[in-house]
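Below: one structure in structure tokens.
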Amino acid sequence: MNFIGADASFGDSRLVLFGAPYDSTTSFRPGARFGPAAMRMESFGIETFSPYQDADLEGVSVHDAGDLELPFGGAEPVLAMIEEKTREILDAGKTPVMLGGEHLVSLGAVRAVASKFPDLHIIHFDAHADLRLDYLGNPLSHACVMRRCHDILGDGRIRQFGIRSGTKEEFAFMTAGHVRTERHSCVTLPDFSLPEGTPVYLTVDMDVLDPSEFPGTGTQEAGGLQFRELLAALLDVFARFNVVAFDNVELAPQIDPTGRSTALACKLLREELIAFSTHNP
Amino acid sequence: MNFIGADASFGDSRLVLFGAPYDSTTSFRPGARFGPAAMRMESFGIETFSPYQDADLEGVSVHDAGDLELPFGGAEPVLAMIEEKTREILDAGKTPVMLGGEHLVSLGAVRAVASKFPDLHIIHFDAHADLRLDYLGNPLSHACVMRRCHDILGDGRIRQFGIRSGTKEEFAFMTAGHVRTERHSCVTLPDFSLPEGTPVYLTVDMDVLDPSEFPGTGTQEAGGLQFRELLAALLDVFARFNVVAFDNVELAPQIDPTGRSTALACKLLREELIAFSTHNP
Amino acid sequence: MNFIGADASFGDSRLVLFGAPYDSTTSFRPGARFGPAAMRMESFGIETFSPYQDADLEGVSVHDAGDLELPFGGAEPVLAMIEEKTREILDAGKTPVMLGGEHLVSLGAVRAVASKFPDLHIIHFDAHADLRLDYLGNPLSHACVMRRCHDILGDGRIRQFGIRSGTKEEFAFMTAGHVRTERHSCVTLPDFSLPEGTPVYLTVDMDVLDPSEFPGTGTQEAGGLQFRELLAALLDVFARFNVVAFDNVELAPQIDPTGRSTALACKLLREELIAFSTHNP
Amino acid sequence: MNFIGADASFGDSRLVLFGAPYDSTTSFRPGARFGPAAMRMESFGIETFSPYQDADLEGVSVHDAGDLELPFGGAEPVLAMIEEKTREILDAGKTPVMLGGEHLVSLGAVRAVASKFPDLHIIHFDAHADLRLDYLGNPLSHACVMRRCHDILGDGRIRQFGIRSGTKEEFAFMTAGHVRTERHSCVTLPDFSLPEGTPVYLTVDMDVLDPSEFPGTGTQEAGGLQFRELLAALLDVFARFNVVAFDNVELAPQIDPTGRSTALACKLLREELIAFSTHNP
Amino acid sequence: MNFIGADASFGDSRLVLFGAPYDSTTSFRPGARFGPAAMRMESFGIETFSPYQDADLEGVSVHDAGDLELPFGGAEPVLAMIEEKTREILDAGKTPVMLGGEHLVSLGAVRAVASKFPDLHIIHFDAHADLRLDYLGNPLSHACVMRRCHDILGDGRIRQFGIRSGTKEEFAFMTAGHVRTERHSCVTLPDFSLPEGTPVYLTVDMDVLDPSEFPGTGTQEAGGLQFRELLAALLDVFARFNVVAFDNVELAPQIDPTGRSTALACKLLREELIAFSTHNP
Amino acid sequence: MNFIGADASFGDSRLVLFGAPYDSTTSFRPGARFGPAAMRMESFGIETFSPYQDADLEGVSVHDAGDLELPFGGAEPVLAMIEEKTREILDAGKTPVMLGGEHLVSLGAVRAVASKFPDLHIIHFDAHADLRLDYLGNPLSHACVMRRCHDILGDGRIRQFGIRSGTKEEFAFMTAGHVRTERHSCVTLPDFSLPEGTPVYLTVDMDVLDPSEFPGTGTQEAGGLQFRELLAALLDVFARFNVVAFDNVELAPQIDPTGRSTALACKLLREELIAFSTHNP
């Protein structure tokens, strides 16, 4: 079963979707492993047409490569498989779109993308800073993923929005200027720009949304973004930046028995796929 | 068990409530059949007094006629029963208030009302356009109800608010001017008017609300109205238009285990009953 | 996504699975439409090996034809599509295995099978008699499906087990000898036989199981069979009768938040597929 | 809304149902207050015909007097209202059937019944002994209800079945012979008898059932009775004893999201009403 | 298990947390008794650092005294135990912080605080007025708690925010000037002041929040405050008023299966503890 | 918060409880990490007295050492911490009782116990064989735990009961005699014995129970043991074998919204603690 409208063959596609159903390092409530499968199944409850962009997913050539078959437990083999898959898509001249899984999966993709685009920047939407050095001694935890990306990219390459939770040390790391962070919201996005053509990895931890709109995630943080705000921000990102790969992570569908988190995630992905296609014709 | 405060006899009543517990054509998640019963039961958790209108439901003469006993399966006999019930209420000089059930039930009521008021207009709050010609070959589907109403009323008689989902064809139908639609919100309502006395059927698919406030519905669409917005809009409708019948549909209570969708639906109905009574003393 | 192990092509297969996701006539709690999709998804949580039969589903050639795309609402077009699909499978010399959906879908399949095998008998496991003449005036309701089959097959062709709910009229119909029924259990199955080679349609309404083991169904009836009893009975049916088609119906997965009903349904189907294969090598 | 089939007027009735929706002293998980309303609503999902007794509830004259409007908090006013209602029914020559609510409500009914029938005995099905002197200092707790009944009736008048939880002191109280108790099951019921005509109050705390069949109760105790066992036992009680009043308590419907506990409770009540009627024509 | 960061001994502490797990007078859906335990357990899912105040709970000396062991049933003994506990904390020169439980528990604390601070004022956030004279004859109900506080404090001492539900009589009581109430929101808080040093009891019924953000409460009222609004308001209260005791009540965690209500309650308490500490160094 | 009755200090204790809240290798539905905390909290809903053994947990000296603080992700550091904790308890001359967590945690404990008792045998109750060589390449998966124990202990040391799921290879491994397995039930336990004094590690994967009684586990397998059967078997094990350490694993409490799985797990542990104490006075 493909995500709705993602009917292109690999060869014909411009965008390649794949799932990374891993959540072994989740520290609070696991379940993000079920995100990609739930999105595929529930995607048939939404329309392919976007009344926000007056465009239809039917016109976008997306291939759904299914889910990676990832072992549970330690992260290193998992990250290697994700890195390899991402590289394979990039090498074919296509754009990878990864569905998590917990946020740590982004590290695998970023390794491949940064290797191809050494001047890579990251635009990061999240409720959590994810900048810990380690979590209970484990440096490969979802709570450390942006710190590991910083290890690769260095200072000044990561721009965060919506952050409203972290340790004293993580906030000190921001304040020291290693990354640039807007707390609680994304109103400063319009003022943020990069030199034209700078390659950008866009990573959206969907818990950046307010839990009232997106309860289906492991660690909910009150005081988040509204769907309309996030959608507007993402459309802006695709319009003004050179997004070379992107991911949506941390949907844990079974935490939300009403199913609306999965429905929202499907709609968000539809809008991103259409927006990418509009700006990368 | 009556809806709270709906204690008048049929003879003494000004408004007549009835339930239409049908959901057989629901294409995604059924359950709207349980809406009317849930509302009656949970209505005892709200007060009869409205701090929004400084008025009390106790002073409004409402009769609760209970639920129609509708067969499940094909829609035609169901629509006929609804049409007959609506006509009976209208013929007694009273105002019908229908509780769905899925949105298709509105068609039965509109048939009766349009037959009595040939210049009928519809004000329609919904997340979905409901303007399909047919759904998998079935013209009597909840996804087609406004198109069927258009078949009866013709161009220019349907005014939609809050619409944020539909096919390319449905949006083209709007753009072609057959119906007038505001997408995503209802901020243009204050600018909408009709010649004084024009009879209006008001239909509220409660999924027009944001799923964060009203998750208890079959097809949730992110990016919806807030309760406060919808309430203000409905009070405006009752104040400025000649509402001759109205309905609230698509509460599927068991989809929301917290119960707040049903509580909200009860409160909304209380406000509508009071508002109608205030403007139709 | 196929049911686990159902990897054969149509051409190579001996058994052909298909889903009939329809539940529009369900009189109490709908949701059986989600049964087939849930079974496919959750089937990856079970093993392909059966410790009951010491055999593996991997050795059985099953094709999963996916779900029929059925319109919701009136039953007649739905039954026609099911009948056609069943006939197509039979005409290819393969054995149809249908996953409901509500029990009414069995009628479509029985129409096709009885047309090919005029001396068809039905073995029927269910909590409910399903022998009503009509339900609220509708003769095509899930509560009438065995009566409609009786219309086709006539007296003495339907053998029921586990029945523990019905109207006075339905039980009178049994007592009058039109069908043969064991109430509450299936202990008389070993004593039941048919002339060798008699074609049998096996229909299993999984609510025949006790709700403690199978709560995920619309109308739960206490006092039912245990999984072990039902499994033993079904293995006996496949061993001693000429099953030419079979179905499992009335799993409504979302009614059971623990997921064990779907897991049980997957396991039951695995056992049936293996048993059929063993006895029809 | 009446319980299904309970359509007689008070005057014409032989049995009078009423609800006692109180649960303020529940020590673990409250919610039994919602039991009677849930039973009325869900009773329309069962049939009126009993295949166990080959008889129909339609032939039994039951009046449903609705729920008492009980204040939450301290128990004494609540017990007084229950006692008065029970007395009123007895004084009219009818048989009271109370639906709890928590088990403490039985005390109010027993007070009225014991006052009319001084030689009253109690037959008690329960997982819990309910024989505490007090619970955290409160003598009017659901954990003390049988001890309070013992205060009224004295030694040798209470016969318990299915008990599998209690304090050391409660079990010592049994062992000392104040009450007669069968632990874990009810296999000794056939050997228990009373002088003919002895008036019996039958109280069924439905948590006597195994939690696999009846999870919808506040304090679940593994290792309980099966529905079939309890049903057989209750039919035996009605056949051999002079039941002058009875109750079913401790259904907390929202604890069981599958709804099967409520369905079972409805079926059990149907069987009791029919059995009473058969033996008290 | 303590609330996160509440590791101080009683002797070393400045603030003393205790739980009052009572909900026997809850008129609609009980369960607030489980609030304090759920908060302690889930508090380990939040960080101790506040990005709102740039401060850490680690620096605040809080003792968690655990839960009072309260009997269920009548309220008077419960209120006495709460009063005594509150007095004990005040007498030790520390500030009591109570976690409900239903709102009635505030009465016990207010009795003790008003006895020590005779010029006490109350700042009250709530969806419900809680000003009834009695509820079904019971003056000690959660629906009457502010009226009982008014009995103690008299006119002009209670300031309410966010109120959006009550009877005609309760709103008349406000209008008559006995208490001062802002309906629906708290925008007038900045204009409200008291003579410097006036002792204030702050009571937060968390159902003042919109049910979309805080569904885990017994009686949800649409149209409430957002978390950000309430947080800003509470920070303002701690900054400008002399808060001598405070409570957060009416979290009923099991009503919200997503768990976000408990997470929000933990975060709110963290912010209050830090804010108190900042302004009472 | 201790498990009920586990109030002894480490020094005074005979048995030492600890939790191992790890579930990172769970292949299907995670959540066993929440098992120990849920058991502690819910244990206050059961009594300390056992009507099965006529004895009270109050007389048993148990220390509750709380939960290990385990990192999520790769298993090796986790197993090392469990091994160390187990060794520490054994070295103090006390008996370790571990609460999982997923079944892999047993490997850590078995390492320590086998090192102290080289002739160790394992008695293993489970629905799943857990004898895979590896799972998707990972040898440290919960699906491999008994195979890893076999690596340590060798042939003929592991006795399994209740097994009803596994791969063809796993069942071949049993048949080849490496371990001795009873499928589906535990009726052969009375015939199983070991030389007197042989040290036994008892490991109970609670999914050996039927999912009707114990749905709260990640991979439910129909056709399991009843509570009464398992309890009788465990009492027999403690009576006839020299149990030197034991564990109960795979309770995933949030999968069972009725809470009865956790209640059952508490009761089972109570019985085990009392039984151990009776036979090791």
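Here the chain labels run A, B, C, D, E and F in written order, and each chain numbers its own residues starting at 1.
What we mean here is this: contacts are C-beta pairs under 8 Å (C-beta built on N, C-alpha and C of every residue); 3 or more make two chains touch, one makes a residue touch a chain.
The structure displayed is predicted, hence computed values, not measured ones.
In terms of the stated touch criterion, the partners common to chain C and chain D are B, F, listed by label. With centres computed as the average of Cα coordinates, no chain lies farther from chain E than C. C-beta contact counts were set side by side for B-C and E-F; B-C has more.
To fit its Cα atoms onto chain E, chain A must turn through 120 degrees, a value rounded to the nearest 5. Using the mean of the Cα atoms as each chain's centre, the chain most removed from chain F is B. Spacing of chain A relative to chain C, judged by their CA centroids, is 43 angstrom.
Chain B and chain F have Cα centroids separated by 56 Å. Taking each chain's centre as the average of its CA atoms, chain B and chain E sit 38 Å apart. Each of the following residues of chain F touches two or more other chains: 29, 210, 212-213, 257. Contact topology of the protein chains: irregular, matching none of line, ring, star or complete. Contacts between chains, counted with the stated touch criterion, involve the pairs A-B, A-C, A-E, A-F, B-C, B-D, B-E, C-D, C-F, D-E, D-F, E-F. On the side of chain C, the complex with chain B involves touching residues 23-27, 29-31, 33, 69-77, 135-138, 140-141, 254. Of all the residues in chain D, the ones that touch chain B in their complex are 1, 37, 41, 257.
Every residue of chain F that touches chain C in the complex is listed here, in rising order: 28-29, 163-168, 171, 183-184, 210-213, 215-216, 219-223, 255-257.
Of all residues in chain B, only 45-49, 51-52, 54, 56, 210, 212-213, 227-228, 231, 257-260, 263-264, 267 touch chain E in the complex they form.
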